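Consider the two complexes below, in which chain A is the common component and chain B and chain C are the respective partners.
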Partner chain A sequence: MAETVLEFKNVTWRYEGTPKKGRNALEDVSLSVKKGEYVGIIGANDAGKSTLCRLCNGLIPNSFNGDLSGDVFVNGRNIKDIPTAQLAGEVGSVFADPEAQLSQISVFDELAFGPSNLEVPREEIIKRMEETMDIMGIRAFRDRSPFSLSGGEQQKVAIASVMTMTPEILVLDEPTSNLDPIGTESVFMIIDELNKKEGMTIILVEHEIELMAQFVDRFIVLDEGQVILDGTPEEVFSHRDVFEKIGIFVPTVTEIASIADKKYGSWDGSKYPITLNEMLDKIDERL
Partner chain B sequence: MKDISLYIPGNSFFHRCDCRVKLLFIAVYTVIAYMFFTPSVLAFLFVTAMVFNVIAIGSKAFTHLMTKMVVIMMFFLIIIHGFVNPVGVTPATVYGHTITLPFFGKYTVEGFYMGLVNWLRLSSVILIAELFVTTTSPAEMMSGFHKIGLPYNFCFMLSASLQLIPISTREANIIASAQRARGLSEKTLVDRFKGLVPMFVPLVVSSLGRMETMSMALESRAFGNTTKPTELRDSHFKKSDFAAAALAIVMLFAFAGIRAVYGSLDIVNQISSIRDIFALSFIGR
Partner chain C sequence: MSNSAEKKVIAKVINLEHVYPVAKGSEGIHALKHVNLEFYEQEITAIIGQNGSGKTTLSKHFNGLLRPTSGQVIINGRDVAKRRVSEMAKEVGYVFQNPNYQLFCATVREEIRFGLKNLKLKESEIKEKTVEILDEFGLRSIAGKQPVSLGMGTKKVVALASVCAMDPEILFLDEPTTGQDQRGKTRLGNLALQMKEAGRTIMIISHDMEFVARYADRVVVMTKGEVIMDGTPEEVFSNEEVMERAMIKPPQTYAIANHIRDKDDSFPCVRLDADLTAKLLTEKGLLK
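Here is the complex of A and B:
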């Protein structure tokens, strides 16, 4: 059994300035993430997904004002006891707007920014940068300004700039929401590679449910600050009624399978497919 | 996106030179330029600065923005001083004629002298600064500023704002296009100024949003953890850096010696024609 790297224990968070009648951003959330797991977090807008991300890397409660109850543990240590900067080396964060995350003059400096702030020795930084540039395929941009790159390339640089700090956990808050389909797919490929090859724990918040379904090990569905579903993609998407209620679409393939099941009653109780390939396999099986 | 820095990539001696040495040159040139009041020494500074620039960036030295500025300054300083400088009493003769402007009076020899000296002073300093900005990449510049003792946060702020200028410009253009698409009138100058108001609010709001993400991203990259981040670029002086720094210091002491013995070489009281200025300062009689 892999060890637990991230644990939420009855976490409730309320942003300062929330109106009296307003609800808490997170309400009694408990979950634990194991080393090497690839977790997808989905939910409607305002469900508390970003808040969850900010808690993972200590931005809450260190940089946001509000009331926190419960505890968040990263590698067994409470985030309240670790300085934000130190946590940055353990939990890497990537945000939605690629441009706003980049601040340096060249891609080279961008990659070095995190580790040099952590006072990592120079040779070590160079070594990490070389490795990261190969993994991410951004070597060609080494000396260019990050602002001259396309959105997808910028997001890769943003992820790479976090990678050079060698975090164990990577938290991505809608990393593809500003990207075109090609950029989105390449970012997904890279995240998958980091998970499978580098064994990194991934927490991914996204709207691209169909793409996520192909990659993630586990889905957590949030609604109004609470975890309402938690499990493998098959388990989660079998609760179609819940998805309908909170207003999120399940993958089209699953939708088709369930409609076919209702209409022809022909699915004999087996689980609905999640990805197109699974569906094709099922069809092959039948024919 | 257009690069806003004045840096011209290359591999000349000055490109490889440590950024602190180039800053030392700026300091030395500025001090020498203000120690003397004679066209000869200042022309020497001017010519050497120009030669350095040509060595560094070749023919681009003549078409660079800052060189153009020097040329424009030449016209303004020399002409304006000639007419308005209060030191001027002796009218200058150009091919036997004096030039007179209504309200300003005659073009004077002393005024020309003042204009020439001040132009040479300013332009030597500008040209040596041009050498610095064209041969130092912004990243090196920031690490150089940090090395000579400016605080890390300040250097970061400087480089981050440099990055933000093109982004804000683009954002402003997007907003302006959106306003135009909804019928913003730009026929008269007054209209244009009025149009700035509805542009200002969305620009500020979007910048604030960007700042929030940026501050989170910076924090997630451990910014603020230390005031002495790991220096990535080699910060050791090379032999050539020592040689260049020595040259600068020798120049400083040599000219300081000349100044101590001969004074500032001001000849404004000895001249009576433009020819005198060149004869006295370059030939010596």
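Here is the complex of A and C:
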């Protein structure tokens, strides 16, 4: 059994300035993530997804004002006791807008920035940068300005700049929402590789549910600040009624199977597919 | 185009070419190459293609933000290049992909009022219209909030609402669904349908093929500055060669239909949603 690297214990968070009638951004959330797990976080807008990310990397409570109860542990230590800079080295963060994250004049400097701030020795920084450039396939951009790159390339550099701090956990909050389909797919491939080959623990917030379904081990579904479903893709998508109620899509192939089953009585009783390929395999049996 | 015969042409793109200048002596970037298109009233057209295919460059010729290198864009019979940008803003509403480029007021309410004030409406009309728009877009509870404090998805709704408040004849939406959940997408789609019913011409630039398949009457496919196809969603998404050239994955419904049609060409090429797909698969006996 892999060790727990991230744990929320009865976490409730309320942003400062929330109106009296307004609800808490997170309400009594408890969950734990094991080393090497690939977790997808889904939910409607304002369900608490970004808040959950901010608690993983310590932006809450360090940079946001509000009331926190409960505890968040990273590698067994309470985030309240870990300085933000140090936590940045343990939990890497990537956001929707890579331009907001990049600041240096070249990709090379961008990759050196994080570990330099953590006072990593020079030789070690260079070694990490060389490795990261290969893993991420960005060696060709080494001397270019990050701002001259396409959105997909920028997002890869943003991920790479976090990687050189060698975090164990990577938290990505809608990393593909400003990318075109090619950029989106390349970022998904990179994240998958970091998970499968490098063994990184991944917390991914996205709206691209069909794409996520191909990759994640586990989905956590948030609604109004609470965890309402938590399980494998098959488990969570079997609760189609819940998805309908909270207003998010299940993959189209899952919906087709469900309609065939419930409305047309033409499903053979097997598990509903969650990816296009599973559906096509199924159809091929009779085609 | 089946219905184009009866419908009025609102905008016409004639041999439009745009070259972005680069350093002296080099050739420039050929972003649009002889594009010809017509847009009709009461129509939702999706423009799809990868980044760099020319979609946004095309759209910026509609409000005069870019001037053609050669060719013309004619709106309601008048050449856009001969008109002022400020004048075009009333006819062509443009909602940017990144709402941060568009929002600058202190509150959501002010953001909606801004355009209405520019239309020189009376204060009583401005008040009435503002309340109407805040309700229609579900923004009432956050009317007093600062736009910068909102999430990306909500910011986009605010940007759209502020443009729709001015009721432009042509509405350009650049990537409207990014950062939106299902409710947000459904709301956006319904608003587009409503505006269409009211006679407006709507152009949607999008990478969201599910959204395009659901709401567009017509799909224009661009690659490398050229229009490579112009047809109904079912025509476009079932053309595997065009999809491949444009590097676009069709929605899962059409991907299933295309897969079946490779072996059984009697599978119909029709407008598909999840329900119809389930029904057709049932009739073909492909599930049980």
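What to note about this one:
One rule holds in what follows: the second predicted complex is superposed on the first by the 279 of 287 C-alpha atoms of A that agree within 3 Å, B and C clash if a C-alpha of one lies under 4 Å from a C-alpha of the other, contacts with A are read in each partner's own complex, and residues count from 1 in each chain.
We take it that a contact is a pair of C-beta atoms (placed from the backbone, for glycine too) under 8 Å apart; a residue touches a chain by one contact, two chains touch by 3 or more.
Only a predicted model underlies this, so the values are computations on that prediction, with no experimental measurement involved.
When the shared chain is aligned, no partner comes close enough to touch A:278: not chain B, not chain C. Of the two partner chains placed by superposition, only chain C is touched by A:248; chain B is not.
Shared-chain residue A:101: touches chain B; no touch with chain C.
Once the two complexes are overlaid on the shared chain, A:147 sits against chain B while remaining clear of chain C. In the superposed model, A:115 makes contact with chain B only, not with chain C.
Of the two partner chains, neither chain B nor chain C is touched by A:7. In the superposed model, A:286 lies in contact with chain C only, and not with chain B. In the overlay built on the shared chain, the residue A:174 is in contact with chain C alone; chain B does not reach it.
Comparing the two complexes, residues 96 of chain A contact chain B in one case and chain C in the other.
Across the complex, chain C meets chain A through its residues 50-52, 97-98, 151-154, 178-184, 207, 210, 247-249, 251-253, 255-256, 259-260, 263-264, 274-275, 277-279, 281-282, 285-288. Considering their complex, residues 54, 57, 59, 63, 83-86, 88-89, 92-93, 95-97, 99-106, 108-109, 112-122, 125-126, 145, 147-148, 158, 161-162, 165 of chain A touch chain B.
Only residues 1, 3, 137-139, 142, 156, 159-160, 162-163, 166-167, 210-211, 213-226, 228-232 of chain B touch chain A when the two sit together in their complex. Against chain C, the residues of chain A that register as touching in their complex are 43-46, 50, 96, 150-151, 174, 177-178, 180-184, 207, 210, 247-249, 251-253, 255-257, 259-260, 263-264, 266-268, 276, 279-280, 282-283, 286-287.
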